[in-house]
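Naming follows writing order (A, B, C and D), and every chain is counted from residue 1.
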Amino acid sequence: MTRVGILNVTGYAGSELARLLHAHPDVKLTAVTGRSAAGKRLPEVFPHLWQLDMPITESLDDASVDVVVSALPHGAAAAQLLPYIEGGVPVIDLSADFRLKRVDQYEHYYGVTHPAPQLLAGAVFGMPELHRSEIVGAKLIAAPGCHSTGVILALAPAFAAGLIERAVIADTKTGLSGAGRALGLNVHFSEADENVAPYGLDGHRHLPEMTQELGALAEAPAPEITFVPHYIPMTRGILSTCYARPAGRLAGMLPTEARIALMRAYLEFYENAPFVRVSGTAPSTKHVAGTNFAVVHPSVNLGTGRVVVACAIDNLGKGAAGAAVQCLNVMLGLPETAGLQQTALFP
Amino acid sequence: MTRVGILNVTGYAGSELARLLHAHPDVKLTAVTGRSAAGKRLPEVFPHLWQLDMPITESLDDASVDVVVSALPHGAAAAQLLPYIEGGVPVIDLSADFRLKRVDQYEHYYGVTHPAPQLLAGAVFGMPELHRSEIVGAKLIAAPGCHSTGVILALAPAFAAGLIERAVIADTKTGLSGAGRALGLNVHFSEADENVAPYGLDGHRHLPEMTQELGALAEAPAPEITFVPHYIPMTRGILSTCYARPAGRLAGMLPTEARIALMRAYLEFYENAPFVRVSGTAPSTKHVAGTNFAVVHPSVNLGTGRVVVACAIDNLGKGAAGAAVQCLNVMLGLPETAGLQQTALFP
Amino acid sequence: MTRVGILNVTGYAGSELARLLHAHPDVKLTAVTGRSAAGKRLPEVFPHLWQLDMPITESLDDASVDVVVSALPHGAAAAQLLPYIEGGVPVIDLSADFRLKRVDQYEHYYGVTHPAPQLLAGAVFGMPELHRSEIVGAKLIAAPGCHSTGVILALAPAFAAGLIERAVIADTKTGLSGAGRALGLNVHFSEADENVAPYGLDGHRHLPEMTQELGALAEAPAPEITFVPHYIPMTRGILSTCYARPAGRLAGMLPTEARIALMRAYLEFYENAPFVRVSGTAPSTKHVAGTNFAVVHPSVNLGTGRVVVACAIDNLGKGAAGAAVQCLNVMLGLPETAGLQQTALFP
Amino acid sequence: MTRVGILNVTGYAGSELARLLHAHPDVKLTAVTGRSAAGKRLPEVFPHLWQLDMPITESLDDASVDVVVSALPHGAAAAQLLPYIEGGVPVIDLSADFRLKRVDQYEHYYGVTHPAPQLLAGAVFGMPELHRSEIVGAKLIAAPGCHSTGVILALAPAFAAGLIERAVIADTKTGLSGAGRALGLNVHFSEADENVAPYGLDGHRHLPEMTQELGALAEAPAPEITFVPHYIPMTRGILSTCYARPAGRLAGMLPTEARIALMRAYLEFYENAPFVRVSGTAPSTKHVAGTNFAVVHPSVNLGTGRVVVACAIDNLGKGAAGAAVQCLNVMLGLPETAGLQQTALFP
């Protein structure tokens, strides 16, 4: 039994990690930390976790864990993870601190000086669908942002096969748990209920990681992504709708032919991806609620020939805690789906 | 591996049964039926169940199953279950057909002639918290109604200990999945959203089973329950708030003392009930979403001395499919919690 | 045109007042205050009020207003209203500061010393259905609490006619705007969504005003109210379900007869109440959203004979700002329904 | 007082029309029809309209009305409106029957033979922002579809000024009242709640009217719109997010300059449009709930230079009944805003 500790269990990604690790057959959750909640028991902060009656401590004793999963916010994560990384404890980080290869991009988007830029080169982007072999045995894994997960899964096969032009639109619709447990008028029930609005119109932090990862798949030059996220009145789930002009062999086809060619490329790309379901029909976030699955529906608009790909995930599942557990499995050589085989909670 | 078949998988109780049985370590879901959907695959009706790619048949071959769980509606259930019961196949029925001991009550409340009244005496009310020993090895188990589950769990310890008078109020607030998958303006999103209303003010069908079960615990005469259910704009969960005058030794106590005495009686009553959590604070349905747990909070109003007990369950979990699986476990001699140990999906 | 100023426009009661007064044909909203928002324009705080482009000031110049409506919180309200009251400016207060006749009850429930107890005797409880003649020409009106409004409207006719016993249950279900605009985990979308829970089980502040007002209608002794509010996942609306034993002539009747007698008493009591609709069917909060109407449905349980009365209001309408405008109309001798004749926003 | 009748009052557009016309100072709602509900009173179908206690008839006596507003579905509308049109009664039609100039497009998208194609040339597209002068005194006005309204308002100024290329993306997020009052699993609360999904990926019926109207503004060739609508879990509101490449003088500008130039073009275009608010910040549907307003936010993506315009409307307001009343006002020479000056119901 691999012993796992969670840093900063007190947010939604942290509590979802606790839920998943508690139910995992091959690992044992041995410790959880939380700054302001240190000294409390976990169910005092999350009553729904009464079966995990363990103390929340201020820090992790690295002798008590074999792997650290961090749900610390960016900035704090890199600083607090440094000792573990240097001590050789494998780390999976849910923050943005180790996602970007270019420290200038990190510092531009996050407005902080990176405390350990020397580690960026060795960190692996935690998306097994793109980096499975690098994750095996890795020591530092940076799980992707929730929006990035949906957009990258939606577009990776098309970019990899050269089937779309570089300029793409990514319009995402996310549930409010994506905003975290911190308080604010934007997550006040009375203001968020019955409402939809775009945000981040001046540039969202998940953009550079999308560009980095999709760019690595595409022929140069890098993708040019116009990304607009929207909050919608639900708790879990992200639907990413992506739009691109067809390129390569797709460009000359009739839309009906292009649909088939596109579908083939997606099926092939995700052939060995146990958590990506390529679907012939429009995806619904409710069909993946509580799971680590992504449903990806590639399509071609019959009127305009535009490639349209929709992808549904649970932002706390495949978009956060689920991805971390999937990486943990791959990293440790466990079955990739261990502890992640739940079907969705529906309705 | 016990082989289990589900009759009428096409509603919400049926799909929840499929979800739970699929994840159950000791049983195997081998067949599912559905009248109008016969001939389709299960994921065609419920896309979220793509991992359960099995055919929906018109009927169950009784050679293919060791136990039948029925999610058929009342009336249809008794008629279609008769052959299995007569053939000696153990049956767990989610309908009302075998819940009531008195056929006249059944026929009054449901407006149909009971097709097999001779079976009522032998049927066991499927609430292990009250009937665990009878469920072991039983052949015909009638799982309780969702409202009944909440109200009975809320009041059973108080009635059993003679701590409340017989006239009680049960005010329940239920999510809309309790109305089933059938269409109607009452479950139309635009009309149910942002709305709350009482229903069943002329008498709800779950009342006689509450009276029967609580009456069996209480000294004569039978409880007199004023039961008013309400639909509220959420999908899963029932909160039952029950009110009663203190009786017996509770009647003479100060409210602060009575709170302690009541809590003790509840803790004792549910000492061996793995799915009932007696709580010192107000329960929230969100803390049991997707689980078979009930949270019961017994209290005494400081101003009026009135006993107030609130109980939260997931109406599709402990209120339907979860209870059926719990009964299955007890019936088969499996651990009572097998396949039911998930923590809630929160938030 | 009567000039009206709003104190503390920055909460939900304040913004609803602004909406209603802006549309009122006989009054003019001339000034609004707000502590932290002073110096901003109203639409900066509430973008939906762009048509009311007026400054938020720190205080009201009493030369600029003929009437003051206060949405200040309790404690602050009495202190800040004192100068207006002493200066002879008519005041309608939405806080609890002038609702209770007994200063000891106020200080017990609100935990503060009342700054102007000498004014309590002269304040009028702002429910025209009970105090219309006192409101005409009054100088200090205390609008009722939102829960109190629903419960008092539900029970007043029965108490006034001596048709119910003194011990009653009031179980209310309220939308989350009732918790105000202040931030907290209890109104965090991700935690409030898909959830229902009771609160205030140790005693809610609206209780003494319910007891005071219903007690004034009933023969001695005073009503004994067990009041349990619940938050449900919607923004606006309160449904109050009240339970009582029949008394007086109702006690000896068959339930079917009692229903008719009860209905008659309610129709008579509310004969001249333009905002109370006595209904023969169960009320829905959605049918009064955005309005000052209350729908009251008196009933008698056919099985137990218990009187059950359900009342639906909009907590920000009849439960707060609407009631204030209705009082303003009556106070000023305007038509009672002026500015309040909107039909509900449905669906 | 102009007398107005509503054909087919029994859907959501119909009931919203009734709400608005009832409150309108210059018109009188004199008759309403409804096929299946004929013979009932209006409040029997919509209890929230108890103040409009009028009969629902099977047909309109054309002597009783000066103007007919139809909320009949497409196909039925043209057929039933023919007698009024031929009789010279002015008609405002909410269906698609008279929106498209090209009968072949109508018949392709709606799959029915148009019963009166000779009327198409004379019908006016009911968007005063584009066709105010033609609406004055018109006899047949076709109110736009809800999605079309948002997308056209979002893009009209840019196309009119030649500031965007012809290929655009229109990604809309709509509340479920847009699906109407008809029953279906797609509007079943338990399935629509906590869910988002695209629909109409094979081509949505509102597309040709968007193309027609935007095409009339643009230099040839016609716009090429990739339109993907999404249902999100709320009742009212549509947010339209539109994406286009800059063209003309915008193409050569820096994004920060282009933002200013774009904003100027929008402010100028909507200078005399009382219901369009050009906003410098992202729009929220909740800020227009219950109103006839549109909030349009033109922007330019700082990273990619792409033009991004977001528009928020109430789908039953500016997207349906509100637009009809606005057209009625313009048609009759009343103030354009008569009866439509409500501020939003917030929160």
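Details
Following the convention adopted for this analysis, a residue touches a chain if its C-beta (ideal position, glycine included) is under 8 Å from a C-beta of that chain, and two chains touch if they have at least 3 such contacts.
Remember, it's a predicted structure, so these values are computed and weren't measured experimentally.
Looking at A-D and B-D side by side, the one with more C-beta contacts is A-D.
Interface repeat of A-B: among A-C, B-C or C-D, over half of the contact pairs recur, by residue number, only in C-D. For the pair chain A and chain D, the distance between mean C-alpha positions equals 38 Å. In whole angstrom, the spacing between the mean C-alpha positions of chain B and chain D is 46. Residue positions of chain A touching 2 or more other chains: 12, 175, 177, 190, 193-194, 233-236, 284, 286, 289, 347.
Residues 12, 15, 19, 22-23, 46-52, 177, 193-194, 235-236, 277, 281, 284, 286-290, 341-347 of chain A touch chain B in their complex. Only residues 12, 175-177, 179, 181, 183-185, 187-190, 192-194, 233-235 of chain A touch chain C when the two sit together in their complex.
Against chain A, the residues of chain D that register as touching in their complex are 167, 169, 171, 173, 175, 190-191, 193-199, 201-203, 207, 224-226, 228, 230, 232-237, 239, 241, 243, 282-286, 289, 297, 299, 301-304, 306, 308, 310, 312, 347.
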